[in-house]
Amino acid sequence: MLRESVSEAVRLLLTDAEVWSIILRSLLVSGTAVLMAGLVGIPLGVVIGMHRFRGRGPLVSVINTGMALPPVVVGLVVFMLLSRSGPLGSLGLLYSKQAMVVAQLVLAVPLVLGITVSGVSSVPREALTQARSLGASWLQTALVAVSEARVLLLVAIVAGMGRVIAEVGAVMMVGGNITGETQVMTTAIMEEVRKGNFAPALALGIILLTIAFAANGLMARLEQRTIDT
Amino acid sequence: GCSTDDNGAGARLLVASTTSTYDSGLFDALLPAFKAAHPDYDVVVNAVGTGEALKLGESCDADVLLVHAPAAEQEFVDAGFGVERRRIMYNDFVIVGPENDAAGVASADSAAEAFARIAAGGFGFVSRGDDSGTNKAELRIWESAGLEPSDGWYRTVGQGMGATLRIALETGAEGAYTLADRGTFLSMRENLPGMAILFEGDPALYNQYSAVAVDPGHCPETDVAAAETFIEWLESDAGQQTIADFGVDRYGRSLFVPNAGD
Amino acid sequence: MGVLIKASQIRHAYDGRSVLNIEDLEVMRGETLCLLGPNGAGKSTLVRILNLVEAPDSGSVLFEGKPVKPGCLSTRRRMAGVFQHPHIFRGSVRDNVAYGLKLRRLPRREVAALTDDALEQLALEGLGHRDARRLSRGEAQRVALARAVVVRPEVLFLDEPAGNLDAAARRRFLDDLRRIVRRLDTTVIHVTHSLDEALSTGDRIAIIKDGAIRQAGPARQVYNSPADIFTARFLGYENILPGTVVGEAAGGAVVELADGGRVYTRSRMRGDVNVCIRAEEVTLHPPGEAEQVAATANRFPGIIWTVEPSGSAHSLVLDCGFELVATATRPYVQELGLVPGAEVEVRFDEAAAQLVPARVPRGQAGAAACGEGETVRERA
Amino acid sequence: MLRESVSEAVRLLLTDAEVWSIILRSLLVSGTAVLMAGLVGIPLGVVIGMHRFRGRGPLVSVINTGMALPPVVVGLVVFMLLSRSGPLGSLGLLYSKQAMVVAQLVLAVPLVLGITVSGVSSVPREALTQARSLGASWLQTALVAVSEARVLLLVAIVAGMGRVIAEVGAVMMVGGNITGETQVMTTAIMEEVRKGNFAPALALGIILLTIAFAANGLMARLEQRTIDT
Amino acid sequence: MGVLIKASQIRHAYDGRSVLNIEDLEVMRGETLCLLGPNGAGKSTLVRILNLVEAPDSGSVLFEGKPVKPGCLSTRRRMAGVFQHPHIFRGSVRDNVAYGLKLRRLPRREVAALTDDALEQLALEGLGHRDARRLSRGEAQRVALARAVVVRPEVLFLDEPAGNLDAAARRRFLDDLRRIVRRLDTTVIHVTHSLDEALSTGDRIAIIKDGAIRQAGPARQVYNSPADIFTARFLGYENILPGTVVGEAAGGAVVELADGGRVYTRSRMRGDVNVCIRAEEVTLHPPGEAEQVAATANRFPGIIWTVEPSGSAHSLVLDCGFELVATATRPYVQELGLVPGAEVEVRFDEAAAQLVPARVPRGQAGAAACGEGETVRERA
């Protein structure tokens, strides 16, 4: 079955334009979601990680809890918000890529935030004190924290991307798996599985993993170029 | 951007369909034919459970429903969510199970008797348990047989037809029985080795599909004209012929029998 | 040359334990203030507070007369600090040294020039492109120093800057520091455990213990006139002899030592006192040697108990009725034949005999009771 | 809808014994999977994190890629292995809690492993050198690494638990959502959604999150008791 | 009292840069070996390798004659180290101090007793229950020391153990160390930048530079007979006077200084040399003072150029034809009226005038050319 799927994967990649558009759509949707999750989660995580304040403990618990947000529930809530009868219905975003981005964003943020917070929390305070002493502004001090915790920030992004690109429940609900419009790799896999076509399902899975692997390799290389250790 | 992603210029019509219709591939035949006839309209299909489909209609997130749960549909219309039920096609349910048919379902006189034989022997039976049309039909048959299926041999999975069939295939040493709609079963048959249609033809196994347009009174944003155009096309000769032709080349027979206007 | 930084009523606690309690501390513009004190006294905490990188629980820091908070970047940019365990940033040695300059968005060429200067100053030229995280401790310490001096701060905080430096680098750094300070009129707050370092760099010395300042003043004055028995011990007075003032002579007190013997001093004090004399102020002479020019009334016949080499000098313990410690360099030990059992005449100047009260004044008694300096000396 | 769902959640908890058994089953299955993922992932992660060896970079990339394993594909592969016609079919494990544990284990391990590796990698080498110098055996040195990276190990476990307890694709495939047997919270939510019963679906989601929040709070407290900083 | 540890042909590189290249180093059982050397010389690296916590790229470490690898736990358990920047483990001060004992699975009661002992020894009694991560640097350093001595290792590695300790704590620790070493027959490898510390604790001294051992031998011998100009500078010889051997007298060479003047020595050497004399070996006398017992042929009339207080002593620069640095304590400066311009007689013992070759031997020339000790001195 595996050999069959690999050759099916190769065949799909070579012959099926639809597969390529699904792959690109997956990357686009999940990439956008993770990028936005990073833009929200990393700065916020750095702030929370750098400071000690009242209510920080519970806040961190809430963030960690967010990691256990079931995609179906997230999908449901986003659905209810974007539904024509919901508060944001007038935007007409349901069954669109934007809706999928929103749902994936909700899923990615807690993971990115949680890992960032604990990564930045474990940056030695001397690093920040030293930066301040040399005249770092608040932002410049935060950049030191980012630089010190960079490996974990990378893991945060990788884990966030992993969570959303592999997720199916939420995008299925708010995207609708509409062929040519909102179908992404996981919903396509799901559809094939439902139809009992395991080989193409596996083939799509293999393609997804290959892309993830290549992206990881690239990231690791980028990280090593700017940095050592 | 990817051109296939871009919405066409035309109106976008949201059809909420049951997975059974969608997964059989019927829409792959219907949509191009409709598009050819009405290039102004873009139909997108959302394959969900019957319950969810009705809910989507209620929340105005679908314009047309294509479902097969007559009682629930009627409730939907009565509640003012839908305009009317319009019959489009039917097929039938079949009792499927392991080829060796230990319960002897094949020789039963009625669906109820077939179910009774399964129950009597405690042979495995997998129920969809998802309030779908199929599930409701199954429950009606148990009722008519005067049986209350019990734990142990009777398993409720709350999933779609495809998943239910697969679970039936994998249950126990040989496989279990289940009630399936013919279309889905035939379309999945090659992936279900050792399973066969054991009982068919009882009137109780009749499976009517209807189209329901969402009521613009309830959902002002719905595109009434588009919905009407689509349903009318389904009822038209062209539409009905497309349904009748679907599956013949692949399975040697139609999966759905058009019956609009009957 | 007025007051540049003034800290008053600074209180700070960690985990509910009070570690700092400074009534009043002034740092003059352009001066070098050395902070001395035992481990855990609160020196580093004070430095962090004055450097505006940590806020005290209460109290205020005035900079040029205006109250400043850690948030105040413009003031903070006029300062720079080298902490006790300097944190090295990721990147090369150059990156580290240039850090403060880049923060200030100086033009690239200027950054390069200033960085080169600073690298050279700390003999780091060869290391510029090395990964700063992979240096030896001493090299890292120099990077930290270069990184702070390169921004030409008006106030430079140095928390044990010479720790881990080899002798040559230490000497050179202290020389350079003096030069920089003179040239740029930099104000320096310098924490050190080395009295020599404090004396050679400090204009003023403040001795801090248990979070409070115990004595502060011009370096030589503090060195020569300890305020109490703790500071005397802390400043390295080897001889602390209990006694009682019995009269006055030549403008100072005459003390009858508890172990016998009469010491003439230049200080005025009454009642029970301790006479504090540095070992190097005690000179040894052949018995009955001809009178010298600078005569002193403090002359005692003594017998040498022990002679021990200690570093570059020798440390001698003598019995003069009371016990006395003296030091002498090797040639003198040899020339004068200073061996155990030898008889010598012991002399020390009246000005070298400092008096401190026998007891620490009431208010400080509690704090001093468990002072480390004391327990250590008592056990030794 | 939200208010409705909260009261529905309370009602379900108070009156529905079935809901309780679903909750317990979820906790049992995911708890077992994460426990096992921890037992595998943490030691392995500590070993990889502590040592530098050839091929470490690619290995870490593979692990990170594992975070993007789509649950449906994992479910599919486990399904094929356990299927009657598959290599492990004779075990008869399909549609059982054991099968769900296996699938969730596969999903949790890369996340636990990935976060552990980067957490342990950022433990200063002096910590390990110092431990060795004081006579720590290999294992005792590893324990120092664990203790230093403990906050991130906790995050690893939390993220792993978050991933599996919220996951639906794999357990649905290999567990089958069989009422009273393999139905867990997420598959129950999915079922309710399919049926169009959004309120109970949300209610179950709220219950799941409440449990996750309580568990996080407990963990945070436990962590603080043994440790400070 | 044989060889306990023998390292041979140890080579180690970081990032392709060779940092260690030890031909041969022996550590005797029970001795204290002090390692001295400039920053970045490789001292800490050597310590880590001997402590079996890091494996060298090549070469072997023999323990009791048997080759050992870092994996060898049983040997490692007979050692303990205090590193230059000690890592403090999570937990209380007690936990940290007890760590090594717990690793060895000693009975609980014994752990408690030994821990109490060690805490007391380093004046940490009051800190036992404090969070060890929240200590001042000096306190942390003491914890690290207590943690290593508590396991009563046969070999104790100390990499700048007294850095950050206050003067009293440092004195006490060095005293205690000597006591422990004597009582338990501990072998100590002690890295320090303080010559005084090395002289007061070390039986032998090894001077390491650029990864290689430049000189090793009994402490006083190394102190008194530098092998070359680098070690002379490193050992603090303030006066290094170039000259040429012109003859022999009283069993030693007579050197004609480049700047004029003739110095009598006890060393034998030929050709161009440097005469090395410590500042404290130079004694100053009133001109024409009566001859003393220990006469010397090295007597020069001199004029005082500068007198500068340096710590507890004064540093004097004299013109005796050649330039000479001397030190004197305050009372002597006062007694002898040592002010700039004063004329004095300068003397130093023949034994105090050490000869080193004018050039570093060929093989080492490259390494020495960029020696830090030199560049620093030359700039000063």
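What to note about this one:
We just call them A, B, C, D and E in the order they show up, numbering each chain from 1.
By our rule, contacts are C-beta pairs under 8 Å (C-beta built on N, C-alpha and C of every residue); 3 or more make two chains touch, one makes a residue touch a chain.
Please read these numbers as outputs of a predicted model, since none were measured by experiment.
Steps from chain B to chain E, taking the shortest chain of touch contacts, total 2.
Chain centres here are means of the Cα atoms, and by that rule the chain farthest away from chain E is B.
Chain B and chain D have Cα centroids separated by 36 Å.
Distance from the chain C centre to the chain E centre is 23 Å, each centre being the mean of its Cα atoms.
Averaging Cα coordinates per chain places chain D and chain E 56 Å apart.
Looking at chain B, one finds that residues 160, 163 touch two or more other chains.
Contacts with at least two other chains are made by residues 80, 198 of chain A. Contact of a single residue of chain C with at least two other chains is seen at positions 85, 131.
The chain pairs satisfying the stated touch condition come to A-B, A-C, A-D, B-D, C-E, D-E. On chain E, the positions that touch chain C within their shared complex are 14-15, 37-41, 43-44, 84-85, 123, 126, 131, 134-139, 141-142, 160, 163-172, 175, 193-196, 199-200, 220, 233-234, 236, 278, 280-283, 292-294, 309-313, 327, 329-332, 334-335, 337, 347-349, 352, 370, 372-373, 375-377, 379-380.
Residues 83-85, 94-95, 172-173, 176-181, 183, 187-188, 190-191, 193-198 of chain D are the ones that touch chain B when the two sit in their complex. Contact residues of chain C toward chain A in the complex are 48, 51-54, 70-71, 73, 76-77, 79-81, 83, 85-87, 89-90, 99-100, 103-104, 131, 133, 147-148, 151, 157. Interface residues of chain B facing chain D in the complex, by the touch rule stated above, are 48-56, 58, 129-131, 151, 155-160, 163, 167, 169-171, 193. On the chain A side of its complex with chain C, the touching residues are 124, 126-127, 129-138, 140, 144, 147-148, 227-229.
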